[in-house]
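Please go over the structures that come below.
What follows is subunit A paired twice: with subunit B in the first complex and subunit C in the second.
Our next item is the complex of A and B:
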């Protein structure tokens, strides 16, 4: 009797890229993994941020590639802008931030 | 398997040229748009890199620039056709303002990339190849070795001037 994989589990054949979109998805996934490893291994906090940027690019691409829906674009942009804003805030704090009582126009 | 990878490589070269040219036109390496960008430039210089290239890398990190515009235009065209690319342009404009960036590099990059990605889809390069291509293009600048990439950007900046 041939045992079938439980529902929801991936078959090995499904992991092999079969279409150009899946090849693109694999490239983005590998770059995201690479970015995550570099963020962890880089000792300087400010120099971590460009690697985090690479990671954000790859994740935004994965969001658009995995969800075939027009609203996936909004999700990808929201994720990317949010991630950029966070990097901006971290870098600004390391740069000294705003003086107490200072207001940006 | 080989053909999609070839498409991704061609798309990566197109995306790389698009975002470097637009960022250089909008003078991103000249000064940090926000204080965080200047801090990243200093960190890259301390690590043996070029200050002008580091400033451009800091600006890319701190606000959606032409590279982000190129990626999101490719996502837009992939999800929703040319209207998706134009929607991405509007969203990048809003993202720039959220990040306190007064420039138009991201918006312009997104607009030109929409045309490039749509043109590519007409000659057989799918928009998904441009998404992966832009991820590879940003990897060469931000993710391999900062001293090398910042010196390259600095050399392009000095050549432009």
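Our next item is the complex of A and C:
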């Protein structure tokens, strides 16, 4: 007779990702962790912004992969667009932006 | 034999601990940094780390609303800080 695990418990071997979507989730979370560590440890403020973008892209992948729900894809798209917009707005203001009354061709 | 099953975290549970740690780190970094741009970057880190926690519980609509509202709030705060005016 096979003993059943208690609810919410997994055997140690089941921690090893078996299905392809779990592998993708692990890869996305590793990329997110790397981006977060680089954002925290980077001394230059302008160099933090590409790693904030890396972190946001990884979070978008995690949102899409975490639950099989159609609205999760909408959430991933919304977060992707919103976070890219946010990072680029911060970078644009930090780099000086456009002067008042300036028209660039 | 009883007791052979050890309490081991599932994959999603490990990810939730990871992103909870990232969210706490982002909030602490928001508090201790002096540069307003660094504060905004850390707020972006915090808001990104909160998203998987919401998605895992199934609050997908809250995540959609939050991911549309948070960049708008960041851009409103950006109006207050120009370069050279800390």
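Note that in this section the second predicted complex is superposed on the first by the 82 of 105 C-alpha atoms of A that agree within 3 Å, B and C clash if a C-alpha of one lies under 4 Å from a C-alpha of the other, contacts with A are read in each partner's own complex, and residues count from 1 in each chain.
Here is the rule we use: a contact is a pair of C-beta atoms (placed from the backbone, for glycine too) under 8 Å apart; a residue touches a chain by one contact, two chains touch by 3 or more.
Predicted model, so just to flag it, every value in this text is computed and none were measured.
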Touching A:72, do we find subunit B (first), subunit C (second), both, or neither? both
Check whether A:49 is in contact with subunit B, with subunit C, with both or with neither, and answer first, second, both or neither. both
Identify the partner contact of A:86: answer first if only subunit B is touched, second if only subunit C is, both if each is, neither if none is. second
Quick check on the superposed pair: does A:34 touch subunit B, subunit C, both, or neither? Answer first, second, both or neither. first
From the superposed pair, tell me which subunit A residues show up as contacts to subunit B and also as contacts to subunit C. 17, 25, 49, 52, 63, 69, 72, 74, 85, 87, 89-90, 94-96
Per the contact definition, I'd like the list of subunit A residues that touch subunit B in the complex. 17, 19-21, 23-25, 27-28, 31, 34-35, 38, 44, 46-47, 49-54, 57-58, 60-61, 63-65, 68-70, 72-74, 76-77, 80-81, 84-85, 87-92, 94-97, 104
Complex contacts: residues of subunit C adjacent to subunit A: 4-12, 15, 18-19, 22, 25-26, 29, 35, 37-38, 40-42, 44-45, 48-49, 51-52, 55-56, 58, 60-61, 63-64, 67-68, 70-71, 74-75, 78, 81-83
What residues on subunit B touch subunit A, complex-wise? 1, 3-5, 7-8, 34-40, 42-44, 47, 57-58, 60-64, 67-68, 71-72, 74-76, 78-80, 84, 87-88, 91-92, 94-95, 98-100, 126, 128-129, 131-132, 134-136, 138-139, 142-143, 146
Contacts from subunit A onto subunit C in the complex sit at residues 3, 5-6, 8-12, 14-15, 17, 22, 25-26, 29, 32-33, 36, 39-40, 45, 48-49, 52, 55-56, 59, 62-63, 66-67, 69, 71-72, 74-75, 78-79, 82-83, 85-87, 89-90, 93-96
